[in-house]
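Scrolling down, you'll hit the structures one after another.
Each of the next two complexes has chain A plus one more chain, namely chain B in the first and chain C in the second.
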Partner chain A sequence: MPDVNITVDGKKVAAPAGTLLIEACKNAGIEVPSFCYYPNLSLQGACRMCLVKVEKMPKLQTACTTVISEGMIVATNSDEIRQARKSMIEFLLGNHPLDCPVCDAGGECELQDMAFSYGAAESKYMEPKNHKEEQQWSPVVYFDRPRCILCYRCVRVCGEGMDVWALGVQNRGVSSIIAPNQDDHLECEECGMCIDICPVGALTSGAYRYKTRPWEMNHVGTTCTHCADGCKTTLGVRRADTGMEIVRGDNRDKSGINGDFLCIKGRYAFDFAHHKERLTQPLIRKDGRLTPSTWEEAFEVIGSRLTEVRDCDGGQAIGVLGSTRTTNEENYLLQKFARVVLQTNNIDHHRTADFPAFVSALTERPEAAASMRDVYNAPAILLIGNDPTEQHPLLAWQIRNNVRLHRARLYVINSQPIKLRRQATSFLQIPTGAEAQLSSFLAGQDSAIDALLSGPTSRDEWISLREKLRSEPGLVIIFGSEIRGSDVVSLVKSASGIHDVKFICLGDYANSRGAADMGVYPDLLPGYQRLADPGKFHEEWGGVPRAVGFTLPEMIESATAGKLKAWYVVGANPVGRLALDPFAFSQSFVVVQDMFLTETAVIADVVLPAANAYEKSGTFTNTCGDLQLVKKAGEVTGTKSDFEIIVRIAGSMGYDVRKLVPFGRGMTADMGQSRGAQSGEVDRHGVWLEASGLELKMSPFDPMAILDEIQRLLPGYAVSRMDLLAGNAQHTALPAGKAGALHDPKLIVPADNNLFSSGTLGRYSRTLNSVIENRHKKPEELEVAAD
Partner chain B sequence: MRLSEQFESRFAEMLTHYPTKRSVLVPTLLYLQDEIGYLSDEGIAEIAQRLELTDLEVRNVISYYSMLTTRPRGKFNVQICTNIACLLRGGEELLEHCEAKLGIGHKRTTADGLFSLEEVECIGACSWAPAAQVNYDFHENLTPAKMDSVLEKYKNAQ
Partner chain C sequence: MPVLKNIAAIAKGMSITFMEMFQPTIVENYPDGPGPLKGAKFQARFRGTHVLQRDENGLEKCVACFLCAANCPSNCIYIEAAENTAEQRVSGAERYAKIYNIDYNRCIFCGYCVEACPTDAITHGHGFEVATFNVSGLIYRKEQMLAPMPAHMGANAVFNQDEIGAGAPAVAVQGS
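Then we have the complex of A and B:
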């Protein structure tokens, strides 16, 4: 559409037809104040703060509801307008309590800002204020009625954005109040969007309220550690006697792939980090008991035992389990450590999606993997399996808002009536477990249709759906872990004729995709490169063991038979999460590094207290393949990052760590120790980094050195380092050529987390547990056995 | 919830008038209130389900309109206007008279469940002020004596 030309405050402004005046002004750098206007939500026109003068119109107009038209001449800053705004602020402050010094929003309150910019110093309102006690609507949502300015943003974001509709407005005029859906409390997804969007302190967070002031925290934008969507979350941290405490999570930095969105986990479930059962000292089993000890002793024990097993029984006698919640750098380092130091390919992780099959199905067109942003812009989406509302909250948000704002066509095929069917153009229910036949049918095999025909959908409807999908250019096909192995291949084949089709394979944990991409597999190297063809890795690492290693079930079998002599388990709890028999670990030397004494840790010989993803740096890859930076925010004294621990273990085994982590490669730096005025002084750079809570660069503990290697050896990861460091998500490409593999579909065990659970992390999150308890459901028992 | 045939036919007819279902909410609420006297929790849930709305959305609308009520009212709902025209011609006195006569205040119901009293905003009968509305019937140019006979008439009519 051609641009429309208008004049604002004497400045010529052009914007596409249909643009709202307030947006056109904003784009031209002219601020028009508003409370109720919020981009991408329905228009309200309630607060009257955005009044502007449009020539030839009799009264002041609300810029947030006025669509620009050719030749419009607008004034945004005249005496008349300033007076109008001043009066509006006076109205809003009429019953607003002056409790800014204790209000959570103080310092980042829009009403405060506006009162400073446009308000008056005195008020004509003499009557006593109408006070109401604050109410608790849920474990995480509190409502302070007198502070509310009735902008209705919370009502709209809850309904339109989240499709929850848990908030409403009751009564009218001066009696209007925001009301929760259950009389005196909320029954909702507890996402906290209403709190974040509240321009004042009317809605406050149970996790953060009255704890600190915004300017007393440091704010660190990092990537969420819960599900596989990879939302950017900004953590507010402050000093505590045990390091740095995380006190708040929100998305005030809306630059992430999630834009405005965060779910309950990204916003509140950081509290596992400060759980009282958090391990802060290495434990070594002595006389049958796990006994607190020092890091030095622990590394010595591990180093000597692992060396002994490797040298006596060979690498195949050691099993390594990687994590779906450690960074890419840690996963890469772990498999490199396993392969070059332990000399074994016995490495696996808790697989929640069939990424190797996905890669092998798409080797012909690696660009066909969709990013999280594509989900918001695609003209059509086919969703097979999974329940994104529960398991992938951001993905669900992207889909809902694409349908709402761009009128995308959504086709949902599921064995359950999932909530996203409310947005679907068509929802087709299939019998449980019929996803495999579905992909065959979509790929053109008509005989598979019988397995789909148990619901109300007729044969003709299925065939017409298939035809319709084939004529949807730009379709994004999203599938859950129901589709595995050869079914992934047939699903990809079914879409071969669709122009510009893209795919997303849904994994469950924060870095499930990263663990897969980094080659935490017994038969695949980083980039899903097959072991038979180690190519660059062979040269770079100076040799890779050739024999294909054991998968997790094979390792268990080997251990049960007494052949696997040592386990190295990093950030995983196979006994608890995969219900494995602890006996498989009882005959071996077991090293576990984790935050808590999990079911696996209690039977270990050495337990190392690890830092979590909020306490270290690195990168995560979300389920779509979007690479994002993980930044260190919190800190718990006594823990170490998995990265450092792996390097220290390699060191204690006598391995040259410079070969493992090629740090400082191609760089020389003088930290002021050797010459000049600073000569002889301590490493000031290092001291400064430590003091700022940052990690030392130019050291073997620098994850960026491994990122260098990853970017050098994995073509798909050769994204802009600058954009990555700037905090932008970078979409990685799938590997081309001979990559990926078809594994036994049984190796995939979905995590089955919902909105309020998150594996081990969720068990130790007080907020998530309190929400579950509040719903009168029994929380998961904390099964931490006494040693 | 089982509702009368009259309700069902009115509801079905009303649905044909609007492009979206939720548009029939206000008339449907009035029909339901006419039928069972007030808007019960059960009734609200029924309408919400029929119109694909949440209970909260239905309650929001009910709370906006003063003529919709979630509490049972008397058989005859006496509504006295006290807006400007009625006020000038004795609306306030009329209200006070009714309060004394019926022994109840604003938005209250007599013990026998016969009358409810309500002070309302303009009912659009300014030319014949002071005016009152009992259920859907108007009574105009009232005086306390005239009001007594109006109330008497309803009492006898039941």
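Then we have the complex of A and C:
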């Protein structure tokens, strides 16, 4: 659009036509205060703080609702304007309680800031304030009515942004109040966006309530450990008796791929870290019972047993199960440890999406993998399977906002009437399990259409949809784990004629994609490189075992037959999540490292207390392949990160850790960002470092040393380290050439998490549980009409 | 005559000495003086160890706003906040200080915390004998700094009459 020229405070400003005056001023570096205006939400004009003087207009104008026009001359800072703003604040403070010392927003309250800038602390209004009791609307949302300044931001973000419409306004004029959708409580997604967006302390968080004050915390920006979308969450940490306690999660600086957005899990579900059942001591089975022990003894037992099994029965007798929540560095290190130290390819993880098939389908155009940001900007989106509202909240947010703000066309094909159909240009329902036929149909196989016809959609509608999709340049195709193996290939083939088409394959856990990228597969090396062609890895690691290893079902089979002598499980709970027979491994030596005594940990011979993703550094790759930094925020005494545990086990097996973690070469410009709060860490490792003849540095436990190796060997991961350390998401490219593989589709077991569950981890979050309990008390929720 | 001059100077000086001998003494006789203060005397403005005040109902004035800790130049105040409930009401507002520690190893008695306090909860008392052989004893807890219950609370306190009838021991009801 052509630029419009205006003058603001004597400064020439040019902005595209249609820009709001408040935005034009902001871009020119001139701040116009406002409460009700929020970028990307509908305009309200309620607070009247953004009053400015526009020449030739009789009265002061609200900058948030005025569109710029050619030659406009604007003054934003005259005596008249300052007086007007001061009067507005005086109005707002008329019934606003002066309880800043006990208000959770105190210190980060926009009204407080404005009152500081414009005065009006003394009121002419002498009548007593109209007090109302605070209300609890849900386990995580509290509402203090007198503090509310009626900016309607919460109402708008809940409705327009989240499409939940749980908040509304009752009454009119001076007696307006914000009210929840169900009598006295909220029935919503509990995302907490209303709390985050509230400029004052009217809406406050139940989880953070009265715990501390904003300036008392350290704020660490890291990546959420729950679903596979990889939202950036800023954790507020305070020192506690047992290390560092996380007291709050929010998206304070709004800088990540999620922008304004965070769901309930990113905002509140960090509290598993201080659950009372958290393990803080290694447990070793003695006389049939798991008894608390020391780290030294645990490493000795594991080291000697694993060495014994490897040397007597060979690597084939050892199985390794990786995690979908540990960092890329830990996954890479684990598979390297398995292949180089344990000399086995028996390594697998809980697969929730068919990434190897995705890669093999896209080897000819690896740039066709979309990033999370592409979803927000794409002109058209095709969503097949999955329910992003429940399983990928950020993805759903991006889709909704793309449709709302950019008028993108959304095509939804699902076996269930998922909520995103409300944004869809067209929604077509297919029978459950017909996704395979759908991809063949889209690929041009007309005979597959019969399987899709059970619903109200006619044959012609299906064919016209297919034609329409083929003429959608820039289409982003998003598919869930319903589409696997050869179906992925045919789906990709179906879109081969579409210009600039991109794809997203949806996994379920925070680092499901990372585990796949890092080669936690029995037949694939990092970067989906096939085992038959180890290439650079062969030279770098000094040999890779050639035989294809066991998948998880094969490990179980081998263990039942008594052939699998040792099983090493890192951060996974297959017994609980995959309904595996706990007695299958009764003849094996089982080592489990986890945060809690899970169903898998109880069958173990040694249980090691591990740190969670909020207590270590590294990187996560989200389901779109966006690489992000994980920074250490919290700390619980007694636990060790999975990275450190793997290195120590390798050390106790007599392996040279310098070869496992190639520290000291490559990029060392870490500058400490990756370590977050871990000062004094070197002191803690002093004894072991000294005993192993190593320098007193963090190097062998430094995830960045492994990231160097990853970036060296995986071309797709060669992204800017500076940008990564600065906290920006970096889109990684898929490998080109011979990579990926088609696996048995049955190996994929979707996690089926919803908004309030998160695998085994979610069970230990008090906030998530309180929300779930609260919901079960209520009658079935009803979907609210969009307006 | 320099000799006479010197004698005169000595006499002048000694006369002041002898004059002062008959004046009342102004040196404080601490720690050998009488009374609980052992002879120490204070101006009202003296900034001694802190006292956490109570309101007229005997509730703590501190609402755990952390402003004293924020204002403290030596970072010696540690607070953990908690929420008042109907059963356990500790302060007059929504929240109270569950833990309130002052580290007298670090405190410089500047009085900024007292100035910052919006509820006049923290004040300087006249306590000054803080010295100890054990530094960990210099971290004062809330219980050590809390003012005693106001005098009228003893005589006018409301007891748990209903429960006493059922045989429970008499306890003053909080906030009465």
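Basically, the second predicted complex is superposed on the first by the 742 of 787 C-alpha atoms of A that agree within 3 Å, B and C clash if a C-alpha of one lies under 4 Å from a C-alpha of the other, contacts with A are read in each partner's own complex, and residues count from 1 in each chain.
In this text, a contact is a pair of C-beta atoms (placed from the backbone, for glycine too) under 8 Å apart; a residue touches a chain by one contact, two chains touch by 3 or more.
Keep in mind the model is a prediction, meaning the values are calculated, not measured.
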First, second, both or neither for A:714, with chain B first and chain C second: neither
First (chain B), second (chain C), both or neither touched by A:215: second
Chain B versus chain C as contact partner of A:171, first or second or both or neither: first
First (chain B), second (chain C), both or neither touched by A:179: first
Partner chain(s) touched by A:465 [first = chain B, second = chain C, both, neither]: neither
Doubly contacted residues of chain A, that is, touched by chain B and again by chain C: none
Chain C residues touching chain A - in the complex, by the definition given at the top: 63-67, 69-70, 80-83, 93-95, 118-119
Residues on chain A engaged by chain B in the complex (per definition of touch): 165-172, 179-181
Contacting residues of chain A [partner chain C, same complex]: 99-102, 106, 134, 209-213, 215-216
Residues of chain B touching chain A in the complex: 54-57, 59-60, 63-64
